[in-house]
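Look at the two complexes coming up: chain A is in both, with chain B in one and chain C in the other.
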Partner chain A sequence: MKTLFNFLTSLRLASVLLLLLMVLTFFGTIEQVDHGLYATINKYFTWKNYIVLPDIRINGKLLPIPLPGAYWVCVLLFINMFMGGIVRIRKGWKKAGIIVSHFGILLMLLGGFVTHHFSERGYMSLYEGETSNFVQSYHDHSIEISLLNDQGTAEEVYVFPHEITSKISKDGKTPVKLVHEKLPFSFEASHYLKNCRPRMVGPIMAGQTPSVDGYALFAVATDKADEANLNGCYLKSSTGEEILLFSGAFTPHVIDHEGKKYAIALRKSIWPMPFSVQLDDFNAEFFPTGKPKKFESYVTRIENEITNKVKIYMNHPMRYEGFTFFQASWGPPDGAPGDKLYSVFEVKQDPADQWPLYAILVTTAGLLVHFGYMLIAFILRQTKKKEAK
Partner chain B sequence: MKILLFGVLGCLFLASCGEKQELTSSETRAVTTLDERPIPLSPTSADRFEPPGTPKAESTEHVHGESAAKGGFTYTAGEGWTAKPKTQFRLVNYVLPAGGEIYLSITGGGVLPNLNRWLGQFGQEKISESELAQMPTVTILGEEGVLVEVTGAYAGMGKSKQDNMSLLGTLAEVDGQLISVKLIATPDETKEQKAAFITFCESLAK
Partner chain C sequence: MKRWIVLSVLIALVVGMTSWAARQVLAKDNPIVLEYEPWTEEIEEKIAEIPVHNGDRIKPLSTYAKVMMVKFHGSRLIKFETPEGEKVKIGPEAFMLDALFRPQYSTTHPIFKVTNAEILNALGMETKKASDYYSYSALAPHREELYEKAADYEEMKKKPEAELSILQSMTLDLARNVREYETLLTYFNFARSGIVLPRIPGADPDEKLKFVPTSSFMMTMGEIQRIIQESNASGGELPKHLIPVLDQLRNHVNDGKYGPILLAPNAEELQWTTVGEALMGVFQGMDPDPTKTIVGVQQLENLYEAYKVEDQDMLTELGKTIALFQGSMTEKQRKDFNLEVGYNRASWFFVATFLCFLPAMILIVLSWLAPNSKFGKLLSGITWIFSSLGLGLTIAGITQRALIMHRPPVGNLYDTIIFIAAGVVLIALFTELVTRRKLALGIAPFIGFFLLVLAHLYEVESGVDNMEPLIAVLRSNFWLTVHVPVITLGYAAGLAAWLFGVVYVFVRLFGLHKEDPSIRRLLTRMTYGAVCFCLLLSLVGTVTGGIWANDSWGRFWGWDPKENGALMIVLWTLFMLHARAGGVIKEWGIHLCAICTGPIVVFSWWHTNLLGVGLHSYGFSDSKADAVYLYYTFNVAFLALGLITAWAQSRKGNKKSAVANS
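Presenting the complex of A and B:
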C-alpha cells in the first residue's frame, strides 16, 4: 500500500505524465492538419481511448508507437497532483504558496474534465436583421418530425436525437426501427452516410441508397472538417412511404397521415434557447493583405420583451444564462462591402467556462505567495548576515 | 433432452439475429424561429435537393433534329434524349434512351489535363501534347474541339467502378472558356449515339 502511495505521489510520475502530455499534444497538433481537429481531439482526448497510435509514418508505413490516451494521462496527473501536492506535502507557511498553486492546477484539470463531459458546442448563423432563438450542433445530427399547420409552420417537434441516429446502419442489410412514443407511425432507417449528395439516377447511375422519386444519395469523400460533412439516410415509413433524408436539403420531406401533415428532416441537432438574438449590424475589416483585421457584431438580446444591446467581437464574447457567444466567422465567402452579410457565432454551454481563468488566478496567487515568501526570507537572511558582521 | 435444449436455444438465437433493432424516443423540443418559417407542404425531390430557381425537370423526349434551348445554348438534340434539370456543373443535361447520359459543362484547367482526367476515369494511360495534336476533332461553337472515344471500367463521381463503359467526349477552348461535352453510356449505346453526339456539338450555339 505504501509503495502504491509513494508511486502515486512521486515527482518522477508527475514528470513522466507531463512529458507524455507534451508528446501527445505535439502529435495531435501535427495530425489534425491531415485528419481535422474534431477527429483528432476525439482520438487523443476521449475517455474511450485508453491507448492511441499516433499517425507516424515512414515510407508510408505506420510506425506503431502506442501511447496512453491523453484523458487518462490527465486523470492520473490529477491523482498524482492531489495526493502529492496536497495530501503528502509537508504543511506549513513555507509551503503555503506551493499548495495554493497545486490547487490552481487541479482546478484547471477538473475544469477540463467538466468541459469534456458536460459542455455543448454549436453555432448560430444570422443575417443582418434576422432573429434566432436556437443553436445547432457542429457535429451531431437528429431526425426531426414536425406536426405542421395549414400555413406550413410547425406546432410540435418530435426528435430522434443523435444517440439514436448514430446507431442507424450504414448499409441496407440491418435497418433499425425508429419508434417515437408520440407519433402514430414509425420508420425503418438504413444507409446512413457520413457525407453524401443527392443526385438523379438512371439505369446506369446508382447511388448508395435506394432511389426515391428519381434521386438517390451518393457517398462522397468525408471532409476532414467534420462540420462540413452532409449526412444522409434512407427511411421507409410504416405508412409505406420511402424517404431520402439529407442534412443539406433545402426543405423537409412532408408526409400526410390521417389528415395531418408531418415534415421530416435530418438536421444538425438543435438546442432551443431561453432568449432570442437579433443581429442588428455586422462589420468586417481586413488588412491590405486580405487577412481579417476585425469582425464586430452588434446584436440585441431579447428575453420576455426586455432588450439589451450587446457588441460581440473577437475575444469579447457575450455571456448570458450559461450561454457564451463567440464571434466565430462570417459570410458569404465572396461578400463585399454593401452586400448583405451574415455573422456566425460559436455558442458554448459549459459549466466550467470560466474555470481556466480562475485556475490561472489561483496558481498565480500561489506562486506570488511562494516567491514573495522566498524573497522576504532571503532579504531577512542577508540583513541578519550584515548585522552579524 | 440436451438436443431439445440446444435446439430451442438455437432457434431463439436465430430469431434474435433476424429481429430488427428497435430504437425508441420520447424526446421533443420547443418550437423555435426555424420552425416558424413556412415550408412547402407538397415538395418534390427536386424542390428538396436542387438549389432554388433550378428549372423543373422536363421528361419530354426530343424528336431527332428538333432544336432545343437550355443553359444559354441552342442545339439539336438526339432522338429519344430526355432532358433533365441542369445542375451546378451540367448546363445542358440529358439521359439517353438506354440509360446513358450526355451533358455540357464549362470547366477550367486546360484541354490536356481534363482529357487525361477523363482517361484516368476509364483506367487509361495519360497522353502527351503531341498525341493530343493527332487526335480527331469536331467543330463546337466555331472552334476545333478534340474528340475522344474510350472504353473501359468507369470510375467517376465518387461511385464504384462500372465495367465495360464508354466515353465519347469533346473539349474545346471557346472565348477563354473550356467547353466540354461528355457522353457516358454502354459501348453499344455510344456507337448508336455517335452521330447524334456530333450533330449536337456542331449545332451548338450561344
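Presenting the complex of A and C:
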C-alpha cells in the first residue's frame, strides 16, 4: 500500500506523465496535417482510447509504438498532483507558492474534465428579422419523426437522439430498433454511412444500402472537416416500408399511416433553449482590400416576454443562463450591399466556462510567490557572498 | 592555453556573424558602371513625407518605397559605380524618385534580384551567375515570354490542390515584380507628355504641335462628354479631331492606374485613388468634386515640371504637394503618419544592430582577454552601456511601431522576432545584474545582434509591409493583448535557457570550469532561472490565449497547432522542473534538457505555421522551412556533443575516484 502511495505521489511519476503528455501533444499536432483536426483529437484526447499508436511510418509501414491515451494520462496526473503536490508535499512557506499553483492547475484540469463531458456546442443561424429558440449540433445527428396536421406543419415531434443513431451499424447486421410508445409503427435502422450521396442504382453500380425505388446511398470518402459530411441510413418500418434517410435532403420523407401523415428526417440534433433570440441587424465592415474589419450582430433576447437588446461581436460574446453566444460566421458569402444577411452564432453550454480564468489567476499567483521567493533568496545569497569576500 | 582556444573561437564567431550579417544586410558589390546623378539629400528626405494609401492604411512614401525595393531587390541598397569611379548607393527614396521621374536612369539599375538563373534561361536569356541582379532594360526584351509564362502559372494556381514548383512560383514573383515596377515607370506619363492637340483642319502643316497639361484638359471633360453624348444620340461618328485626344487620355488612364495611390477621396465613403483612376473618375463624371481632384493632378504636374528645372524648385513643389495631400488627412491620421516618417528615419533596429550590439560583441570578447584587470573591467563596463543602449533602441522601435499601429506590440511574425530579441537581451542583462559574472553580459549582445539581423532577413524575405492593420478577430480584446506579448516573452525565456545550455556544453567541452569551478553552478542556476521564467510566461500566455479564444469563438482549447506548441513548452518546462526536483536529472541533465527547449520553442514559434492547418498559420515559405530544419539539425549536434562530453568526463571522473580509492 505504501509503495503504491509512494509511486502515485512521486515526482518521477509526475515527470514521466508530463513528458508523455508533451509527446502526445506533439503527435496530436502533426497528425492534423494528414488526418484533420476532428479525427486527431478523437484519437489522442478522448477517454475511449486507452492506448494510441502514433502515425510514425517508415516506407509506409506503421511502427508499433504504443502510447497511453492523453485523457488517461491527465487522470493519472490529476491524482498524482493532488496526492503528491497537495497532500504529501511538505507544508511551509517555502512550498506555499507551489501548493497554490498546484491547486490552480487541478482546477484547470477539472474544468477541462467538466467541459469535455458536460458541455454541448452547436450553432444557430438567423436571417435578419428571424427568431429562434433552439441550437443545432455540429456533429451529432438524430432521427426526427413528426406527425403532420392538415396544413403540413408538425404537430408533434418524436426524436431518436444521437445516443441511439450513433449505435446504428455500418452494414445490415444487427439493425437497431427504433420504437416510440406514441408511434403506431416502429423501424429497424441499419447501414449508417458517415458521408454518402443518394444515386441511381445501375447494372454494375450498387450502393452501400439496399436500393429503394431504384436509388441507394453510395458511400463517399469522409471529409476531414466533419461538418461537411452528409450522413445517411436505411430504415425498414414494421409496416414493411423501406426508406433511405439522407441528412442532405431538402425535404423529409413522408409516409401515410392510417390516414395520418408522418415526416421522417435524419438531421443534425437540436437542443432547445429557455429563451429566444431574434436577429435585428447584422453589420460587416471590411478594409478596402477585403480584409474583414468588423462583424457585429444586434439581437433581441426574449424570455417570458421580457426583451433585452444585446450586441454580439468578435471577441465579445453574449453570456446568459449558462449559454454563450459567439459571432461565428455570416452570409451569404456573395451577399451584395442591401441583401438580407444571415448571422451564424456558435452556441455553447459549458458549466466550466470561466474556470480556466479563475484557475490561471490562482496558478499565476502561486508561481509568482514561489519564483519570487527563490529569486530574492538567490540575490540575498549573492550579496552575502560578496560581503564575505 | 584553453582560454586562448576559446577566445579564438569567440573571435571567429564575432567575425563570422558580422560578415554573415553584412552580406545579408548590404547588397553585394556589383562591378557595374553606370552614369548617374544623385538626388540631393533634402529631396530624398522630403519625398518620404508624401502620403500613400496602400495595404489598407495611409503610409509615408518612404515606407512604400522600402517595401517595393525589398520586394524587388532583396535589400534596401542598390550599389554601382559611375564611370568616374564614384561609388553610388541608392536607398529606397532615391529608388522611388528615379523610377517615377527618371526612368532613363532607373531602367539601367540592377534592381531585380533573381536567385535562380534557370528561370531566366527558360525565357531565352543568357546569364553569368546563378544568383544575380538584373536591370529592367536587361529583362525587357524577354518581357512577353515572362508574362505569358506567368499567366499560365496563374491559371494553374487557380485549380484546387494545384501546387507550383519553386521555379514556377519564382517566375510568377518576378513577373509580378516587373509589372509592378512598370507601373512606377509610367506613372508620371500624364505629366511627361500631357495631351497633344490635333491640328485644326486647314492649319499650316509646319506649325508646331500644341501641348496642354493633362490637368487643363481634365477641366474640359464636361464639354467633351457632352459632344460624345450628342454624337451618340444622333447616331453619328465622333468628331475626327477628338479620337486621337481620347486615345491619349486612355493611355494616361492605363499608365497611371496601378502605381502609388496618392489622391485622397473627395467624399468620405470613397477610396483613395491613383492618378489613372482619378482621370477616369473625372472623365466618366463619377467624381463628386472634380475640381479638387484636378488640383491634385495639377500639383503632381507642377512637381514634375519643377524636377526638370532645378533642385530648389523641386523642393518647393514637394513641400506644396505634401501640404496639399496631407491636408486631406484627419488630424489623427496625420499624427500617425508623422510618427511613421520619424520611425523610418530613425532606423532604430539598424542602429541597435550595428552601432550597439556589434561593438558590444567585440568589446566583451576583448574584455575576456584579461577579465580581472582594470582594462577588462572598463571594457565590460562599456559593453554594459552598449548592450543597454541597443536594448533601449530596440524597445523604442517596438514602442513606436505599436503607437503608429494603435495596437499591442506583437501582431505578426515580424513583430515576434524583434520582441523576442528585446526579451532575450533583457533576460540576459537581468541575469547579469543578479549574477555579476560577465557571462550573461557576453551573451546579450550576441543574441540581440543575431535576432535583429534575423528580423531584417524575415522582412526582406517576405517583402511586405509589416505594419498592416489586423483582421477582425485580432482586434480589441484584453486577454489577447495580454496573451501575445506574454507568450512571446515566454519564447524569449525558453531561448535564453537554450542559449545557457549551449554555453554550458562548450564550457565543459573546453574544460573552462576547471579554471573556475563556480562557473558550473552559476550556469546551472542561470538555466534553471530561465526555465522557471519560461514556464511562468508560457503558462500565463497559453492560458490567457485560451481565455481569449473562449471569448472569441467559444472554445477554451481547440488543439490548434499553435496552441499545442505553446502547451508543449509548458509541459516540457514542467517536466524539467519536476524531474530536477525528483532527482531524475542533475546538472548535465538540466543543460541537455535546456538545449531541447530551443527546438520546442522554434517548433511552436515557426514550425506550427509551416504545417498549414489551424487558425494561426500565417505566411510561410520554403526558405524559412529550411532555416527551421537547419536549426533542429544544429541542436541535434549540440545535444550529441553534450552527451559525448558528459560521458567522457564522467568516465574520467570515475577513473580518478577509482585511483583515489585504491
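The working rule: the second predicted complex is superposed on the first by the 337 of 389 C-alpha atoms of A that agree within 3 Å, B and C clash if a C-alpha of one lies under 4 Å from a C-alpha of the other, contacts with A are read in each partner's own complex, and residues count from 1 in each chain.
As a convention for this text, contacts are C-beta pairs under 8 Å (C-beta built on N, C-alpha and C of every residue); 3 or more make two chains touch, one makes a residue touch a chain.
Only a predicted model underlies this, so the values are computations on that prediction, with no experimental measurement involved.
Student: Taking the superposition as given, does A:110 touch the first partner, chain B, the second, chain C, both, or neither?
Tutor: Touch partners of A:110: none, neither chain B nor chain C.
Student: Return first, second, both or neither, reflecting whether A:359 touches chain B, chain C, both chains, or no partner chain.
Tutor: A:359 sits against chain C, while chain B stays out of touch.
Student: Please work out whether A:293 is in contact with chain B alone, chain C alone, both, or neither, and reply first, second, both or neither.
Tutor: A:293 sits against chain C, while chain B stays out of touch.
Student: Once the shared chain is lined up, is A:249 touching chain B (first), chain C (second), both, or neither of them?
Tutor: First partner only.
Student: Which of the two partners, first being chain B and second being chain C, lies in contact with A:86: first, second, both, or neither?
Tutor: neither
Student: Looking at A:198 after the superposition, I want to know if it touches chain B, chain C, both of them or none. Which is it: first, second, both, neither?
Tutor: In the superposition, A:198 contacts chain B only.
Student: Please write out, lowest number first, the residues of chain A touched by both chain B and chain C across the two complexes.
Tutor: none
Student: Mind listing the chain A positions that touch chain C in their complex?
Tutor: Within the complex, chain A touches chain C at residues 10-12, 14-15, 18-19, 21-22, 25-26, 28-30, 32-33, 37, 40-41, 45, 108, 111-112, 115, 121, 287-289, 291-295, 314-317, 324, 326, 328, 346-348, 353, 356-357, 359-360, 363-364, 367-368, 371, 374-375, 378-379, 382.
Student: Please output the residues of chain B touching chain A within their complex, sorted ascending.
Tutor: Against chain A, the touching part of chain B is residues 20-45, 47-52, 57, 84-85, 95, 98-101, 157-159, 162, 165, 184-186.
Student: Any idea which chain C residues touch chain A in the complex?
Tutor: On the chain C side, the touching residues are 55-56, 271, 434-436, 469, 471-473, 475-477, 480, 525, 529, 532-533, 535-536, 539-540, 543-544, 546-548, 550-559, 561, 564-565, 567-568, 571-572, 574-575, 578-579, 581-584, 603, 608, 611-614.
Student: Please output the residues of chain A touching chain B within their complex, sorted ascending.
Tutor: Contact set of chain A toward chain B: 131-134, 144, 146, 148, 151-161, 164, 167, 174-182, 188, 198-200, 202-208, 212-215, 218-221, 244, 246, 249-254, 261, 263, 270-272, 276.
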